[in-house]
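Note that the chains are named A, B, C and D in the order they appear, and that numbering of residues resets to 1 at the start of each chain.
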Amino acid sequence: MSDRISGILTPNITPVDAAGRVDEERLRGYVDWLIDRGVDGLYPNGSTGEFVRFTAEERRRIVEVVVQQADGRVPILAGAAEANVKETIDACETYGAMGVRAVAIVAPFYYRLSAEGVYAYFREIADAVSVDVTLYNIPLFASPIDVGTVIRLASECPRVVGIKDSSGDLPNMMRMIAAIRPMRDDFTFLTGWDAALVPMLIVGADGGTNATSGVVPELTRAIHRSVVAGNIPEAMRLQYQLLPLFDAMISLGEFPEGFRAGARSRGWNLGPGRVPLSESQRDAVSRTQREIDALVAEVADLDESLVLPPETIEKIVQRVMRQLGSA
Amino acid sequence: MSDRISGILTPNITPVDAAGRVDEERLRGYVDWLIDRGVDGLYPNGSTGEFVRFTAEERRRIVEVVVQQADGRVPILAGAAEANVKETIDACETYGAMGVRAVAIVAPFYYRLSAEGVYAYFREIADAVSVDVTLYNIPLFASPIDVGTVIRLASECPRVVGIKDSSGDLPNMMRMIAAIRPMRDDFTFLTGWDAALVPMLIVGADGGTNATSGVVPELTRAIHRSVVAGNIPEAMRLQYQLLPLFDAMISLGEFPEGFRAGARSRGWNLGPGRVPLSESQRDAVSRTQREIDALVAEVADLDESLVLPPETIEKIVQRVMRQLGSA
Amino acid sequence: MSDRISGILTPNITPVDAAGRVDEERLRGYVDWLIDRGVDGLYPNGSTGEFVRFTAEERRRIVEVVVQQADGRVPILAGAAEANVKETIDACETYGAMGVRAVAIVAPFYYRLSAEGVYAYFREIADAVSVDVTLYNIPLFASPIDVGTVIRLASECPRVVGIKDSSGDLPNMMRMIAAIRPMRDDFTFLTGWDAALVPMLIVGADGGTNATSGVVPELTRAIHRSVVAGNIPEAMRLQYQLLPLFDAMISLGEFPEGFRAGARSRGWNLGPGRVPLSESQRDAVSRTQREIDALVAEVADLDESLVLPPETIEKIVQRVMRQLGSA
Amino acid sequence: MSDRISGILTPNITPVDAAGRVDEERLRGYVDWLIDRGVDGLYPNGSTGEFVRFTAEERRRIVEVVVQQADGRVPILAGAAEANVKETIDACETYGAMGVRAVAIVAPFYYRLSAEGVYAYFREIADAVSVDVTLYNIPLFASPIDVGTVIRLASECPRVVGIKDSSGDLPNMMRMIAAIRPMRDDFTFLTGWDAALVPMLIVGADGGTNATSGVVPELTRAIHRSVVAGNIPEAMRLQYQLLPLFDAMISLGEFPEGFRAGARSRGWNLGPGRVPLSESQRDAVSRTQREIDALVAEVADLDESLVLPPETIEKIVQRVMRQLGSA
């Protein structure tokens, strides 16, 4: 095993105050809460963090606050996509200097670039920066980074150290792992598709950057630990609990409004988000809050059963890692 | 556990002779070979069997031959979709009388029906027939049978005993299992998406109807048995072997031409299929045959290691079924 | 000018009786009515005719009845797609012997063929038949026949004499016309997308095969004649009347149920179609009948104005052209 | 007739210098050239202007330079979409103060908003600004603004004065015109889909914002003037000339690289754009430049014929109308 990025990293919601400004105090508190609950890392300026709805200055400040508050307790993966290559490279270097473990860069969006264009974009960035880069593939929102392009970049660019894939395409995850792992032991595979977290981990992903981990970090942690421990039935039992909660949150209002509702169920009022909702949407959010409260409460009840003593887990982990390693 | 349809059922290719007619002799031989190699059932007139490219009379004869030849050794799931509800019901009753375990009915194709229309179609059939029916969801080719419709039909129609899902949508498989299993212990979930066979089985599918099982039945059988035995690392190792072979066959010529090439690698010349290929496509098939031969040969080498004594498997199965059952 | 197929050909609904059988009497009456109302041809076994929901025998009988009843008054374009190339060629020859002007063959459906596969399919048919063939492109339902493939077939196959395009892609229609018209003066371009009939005619299409012409043949005829006469403002005025009627019919129940409702508004009860509707769908059809009656009545009122003396039309045209000009 | 925005407005490319900075000098020259060539307006910060690849500060400066240079000769439509509602409103007010005729605001991108969310977004902006707003619908790149939402905003928001639609959906354009024109005579319909410019104008659009007008402004002007003059055959003849040039430019490299190549054919080196190209893409651009030169030259040769005396045109029209009529 290498020092690959692994486990569950939270793409944290960005708290805003009543005036719509970044609520730094609340962000610091939320970071502490997540770390206390066992997340393996934080991922500011992800899609859940609504990075495109903040200004370049705000994005920098968000990373700065998260890095400061985490204070080395967990690694930080910072979303660094900006308007163009030059701005993105500048952001990468800034975040690198702040001490992030790596940056995550989504493929260009708005325009749909060809595979060649996506390659050229990442190649130019990877050749210029001095921080580790993870590719962020989310074809629903941005130009797809196809399997061939990931393999090409992995083989040409030492600075590209991983892929965060939110496509939910399980066979593609396998295709990437099959092609890249033999040549790059340091390359990390992360999934952003919470609805298939266990299957993705079973096929070999190192971890996930999952929006639900910002709401029920105990559950996503337990899922990851169960798979690492080789306890697939338990992992699947938990995955089946995660799914209805994920479904309820993903389908509420505009993304990531449902996850803000989920955070409220845990006592975190992180504000209303940066996209306006219509009256009927606001009504729907209000009406659904109780349903989400109930789903979250169900999951919270699980927590006790998940707290195995660390040394037991460690042993299990060692054994299963060997098994999984030979897969 | 109930008497659910389970394991790997082969959606068998339909052999044709040089004149393009159904080659009944070869079909009988192929059926024997598949049963000898351990498939858990046969599925004539599936998509791999090119059902739409045969006439109504040919489709009936194909099922008849397969049922006769199998002679009770394995259950038969017969594709029964015809031009309209009345014709489909007639086919269902004919196949029921022949002794098939169940029929599989694809949602109406060509026109894309609404969820209501798909429901009405299956409801009318289910109310009329005296044979068990499995729904066949393949949104790439036919009207999608959405999760809500499957649940609605499962709760209203005792005759609907299963879903064969080729969408590859893992979270949807979980959503169906979560909703239907508590009310219908007899309801079968089968996956037709070979590239994610292991993950589908892990989330709770009972088995698969997989085109690759017509080429490497030993491998798909071993995959199913490994998951049932709770040996997930082994199952994943095999899944990783299946994937490049599946990718090579699915992308060759027009579907299911690549699977015919795969069968040739095993010594089965099942003829050229019922869709014409252009000269450049025929060239590609010729050129790729050797690559497919090599991929098939690699998998064949595995076979020895897979032959555990039955009693050992049985014990493992019992234990793991209890575990999986509680998932 | 050649003897290209032109004008508005009606893809006629197939009347069925209470028992669901083809209602030949009513079909004959409907054919007469359509011809009396001025349609330029008939197109049995089109998508509106639900060809896939009838048996091979029924399809033959439908064409036979239409050819007999039309009795040379208008040309017949017969849908001839069957389960495979051999069956399709047989149907082509049968229809040719019956005296149809040409056959229309949809690209293979269910499976989505590649451009090469689509080419190979039509090439094999075109080389074998002795009747004129029109390609039928309807990418919503069947494998797309892309622009390059149409051009390739037009340049290689004298028997391929036209394209019936229901994609609604106006620039693609222009691309085909630009490439093919210079080399094939006998090649016909027909549009099946009623919502853009006038624009398609303006860019150079020879006519249309439009489902609405089975409901308001006077209107589609008037549209075609207005464009031919160069009276674009009048044509556009009529197109604006066609659109809400088309929208209402296309969105009702399952296609072509709404067009059956439209026919009922004209006094033609052509039966319930061959796909079952759910109770809520049947309710919707009942509730919407009055709305469709009203839309049809509006168009019927127009009829008088359509036989205005030419000099009156000329004046109107001049005035409207000025209005359009200042818009 | 009202004072609707009409005619052809150029979504101008943003010139960059060798260092990748906005080349203000060249932008001024290009603005002059376009106005001299007869464009009816300019549209900085459109998709062709790569607005998302510039910083907020650069976008402001680009509008400022264009407004100053145009100096009232033609109206300016300024792209004003920023990271969020607040920033967008600020940009609107800034551009209003600069004297733009209106702003154009694309629906939120990256995330795909629901119809309700799109409505809420534009409603909040429209209620806050003191400048006229045009909606910019480009479903290929951003959340779709569906027909119902456009109608809803048109009926509720006096500040919303138009729609710039780049979907290319002709029937939808008709649906919007049919619903909105009766209640809002001041509402402008512009098309951004060059490949169907003439048909869009014929169905009633007031004009277009067309990337090709930045390369061959004479041609797009002639097209618009021909339709306004009621000379549809001439307009269609020109549309057929525009199409291959548009096709060549749209398919070259990453958008809008092909249009930069087109501008080079006219003598305007506007720099390499803000997205990196791979080596093979740069090669393709070089190789294709000559082809684009030729297509542009063909169109340039037309210019003379476009200033024919009206009586000559009239004769040509009559003749071509007859030809079209007999087609």
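By definition in this document, a contact is a pair of C-beta atoms (placed from the backbone, for glycine too) under 8 Å apart; a residue touches a chain by one contact, two chains touch by 3 or more.
This one's a predicted model, so the numbers in the text were calculated from it and none came from an experiment.
Enquirer: Going by average Cα coordinates, which chain is farthest removed from subunit A?
Expert: In terms of C-alpha centroids, the chain at the greatest distance from subunit A is C.
Enquirer: Mind checking the centre-to-centre distance between subunit A and subunit C? Centres are C-alpha means, answer in whole Å.
Expert: The computed centroid separation for subunit A versus subunit C comes out at 51 Å.
Enquirer: Averaging over Cα atoms per chain, report the distance between subunit C and subunit D in Å.
Expert: Roughly 35 Å separates the two chain centres.
Enquirer: Listing for subunit D: what residues touch at least two other chains?
Expert: In subunit D, no residue touches two or more other chains.
Enquirer: Which chains touch, pair by pair?
Expert: Every pair of chains in contact is listed here: A-B, A-D, B-C, C-D.
Enquirer: Which residues of subunit C touch subunit B in their complex?
Expert: 20, 47, 52-56, 83-87, 108-114, 116-117, 119-121, 123-124, 140-142, 253-255, 274-278, 280-281
Enquirer: For a test of understanding, state which residues of subunit D touch subunit C in their complex under the given definition.
Expert: The contact residues of subunit D facing subunit C are 1, 6, 168, 170-171, 174-175, 178, 195-196, 198-199, 202-204, 206, 227-230, 232, 236, 239-240, 243-244, 247, 321-322, 324-327.
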